[in-house]
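In the two assemblies presented below, chain A is common to both, partnered first by chain B and then by chain C.
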Partner chain A sequence: MESRTSVPGEAAQLQALTQFLQDFCATAKLPPATTLPFEIALEEIFMNVVMHGSPAGRLAQVEVSLALSDDDLTLAVEDDGPAFDPLALPAPDVSAPLEARRIGGLGVYFVRQMMDAVSYARTGPRNQLRMSKRVTRSDAAPAGTNPG
Partner chain B sequence: MNTRIEKLGLVTLVIAQGRLDFSAAAAFQAQIEQAVAAAGGAGAAMVIDCAGLEYVSSAGLRVFLLAARSAQGAGLSFAVCALQHAVREVFELSGFSRVMAVHPDRATALAAAVPKPA
Partner chain C sequence: MFDIHQGPAGEVIMSGRLDATQCDAALKFLDALARPEVIDLAGLEYVASAGLRVFLLAQKRVKAMGGGLKLVNVRGPVHDIFRYAGFDQVLDITRAAE
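Entry: the complex of A and B
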């Protein structure tokens, strides 16, 4: 099962992209606990493109695709902005005191922590970030249960 | 997202519901700032009840950071409570649960918010 959509890289598109993801997951019968990490990953990566991916005077175009295999859901976010590898950002200091806390870098850190696999590639004029995670469908028996 | 603010004696209770994503963050931040300004200063407290909060991204987490700082600046005690699983995960991954008080439910948060008279 696969689906893709394309939107301009502007903040107002976040809601439409979230809806796209939620519709896909509902059709695939994935439980909310499974889809929430993908919603966070989508928002964090898309908003990175919105903030940094559009050079002056031109809006980046962002393509989002979802692919569900037997075990894994893969989310890919591609954009035609300048080359930028968010995975190269330094990890945030998650032990800093309240006064010294910064939000920069936390979004990508969440993505790394919540997904099983994350990779970046620059292919021609496009950035591609792929994120995948093992999923359990709600119509399947939960792992570890032993029917009967 | 939907926010309701209640005053319970010295405690300003902020009841947050729905999705705190980038789109919702600015309005939530404005409401928190107003609530901090109206909360009453030293000796008073602010508690954000997250029982109805389904989703928080890094943009949403930023509002909690600013809220904790401005409460601290105003002399208020500050706590959050009743985090759903997905929200708790974001608080724990970011280390925010180590720099601000996180209570399991509203009753515990309210009891801890204002010192009992001796």
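Entry: the complex of A and C
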């Protein structure tokens, strides 16, 4: 099962992208607890593109795709903005005192924490970030049963 | 959908999804309060790093006045996000009863 959509890299598109993800997960019968990490990853990576991907008044185009295999859901976010590898950002200090706390880097840190695999590639004029995680369908047969 | 308003006891009540597009409204609401203290998150379903910034900025402001935010009734999945970020060390956070 696969689906893709394309939107301009502006914050106002976040809601439409989230809906796209939720619709896909509902059709695939994934439970909400499974969907949540992908919603967060989508917001973090898309908002990175919104903030960094459209210099000098040219709006980046962002393509989001979802692919569900037997065990994994993969979310890929591609954009045609300047080369930018969010995985190269330094990890935030999540034990710093209040005064020293910053939000920068926290989004990518979440993505790394919540996904099983994350990778970045620059292919031609496009950035591609792929994130995947093992998922369990709510209609899947319980472990140990023998369907049919 | 996201909503922020003040309850009868002066507590701030947030509900729905605090995503990146709602943060300005949430910050503006909190900034307009002299000294917010209790924030009831029983209805908050979703937060990511942009939303955490709202709580961080509010906590820095209130702390500078000698106070501190209390986040109460925080749902499990949202509580996990606060904890991933280590915000449980810089904010008073109480999880909702299951």
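Before moving on, here are some points about what is shown:
Throughout what follows, the second predicted complex is superposed on the first by the 140 of 148 C-alpha atoms of A that agree within 3 Å, B and C clash if a C-alpha of one lies under 4 Å from a C-alpha of the other, contacts with A are read in each partner's own complex, and residues count from 1 in each chain.
Keep this in mind: a residue touches a chain if its C-beta (ideal position, glycine included) is under 8 Å from a C-beta of that chain, and two chains touch if they have at least 3 such contacts.
It should be emphasised that the depicted structure is a prediction, and the values quoted were computed from it without experimental measurement.
When both complexes are superposed on chain A, chain B and chain C end up clashing with one another.
When both complexes are overlaid on chain A, the residue A:Met47 reaches chain B and chain C alike. In the superposed model, A:Met1 makes contact with neither chain B nor chain C.
When both complexes are overlaid on chain A, the residue A:Leu98 reaches chain B and chain C alike. In the overlay built on the shared chain, the residue A:Ala121 is in contact with neither chain B nor chain C. After overlaying the two complexes on the shared chain, residue contacts for A:Leu106 are found with chain B and with chain C alike. Shared contact residues of chain A, touching chain B in one structure and chain C in the other: 11, 14-15, 18, 33, 36, 39-40, 43-44, 47, 92, 94-99, 101, 103, 106-107, 109-110, 113-114.
Of all residues in chain A, those touching chain C in their complex are 11-12, 14-15, 18, 33, 36, 39-40, 43-44, 47, 92, 94-99, 101, 103, 106-107, 109-110, 113-114. Chain B meets chain A in the complex at residues 21-23, 54-55, 57-59, 61-62, 65, 68-69, 72, 85-86, 89-90, 93-96, 98-100.
On the chain A side of its complex with chain B, the touching residues are 11, 14-15, 18, 33, 36-37, 39-40, 43-44, 47, 92, 94-99, 101, 103, 106-107, 109-110, 113-114. The residues of chain C lying in touch with chain A in their complex are 19-21, 46, 48-50, 52-53, 56, 59-60, 63, 77, 81, 84-86, 89-90.
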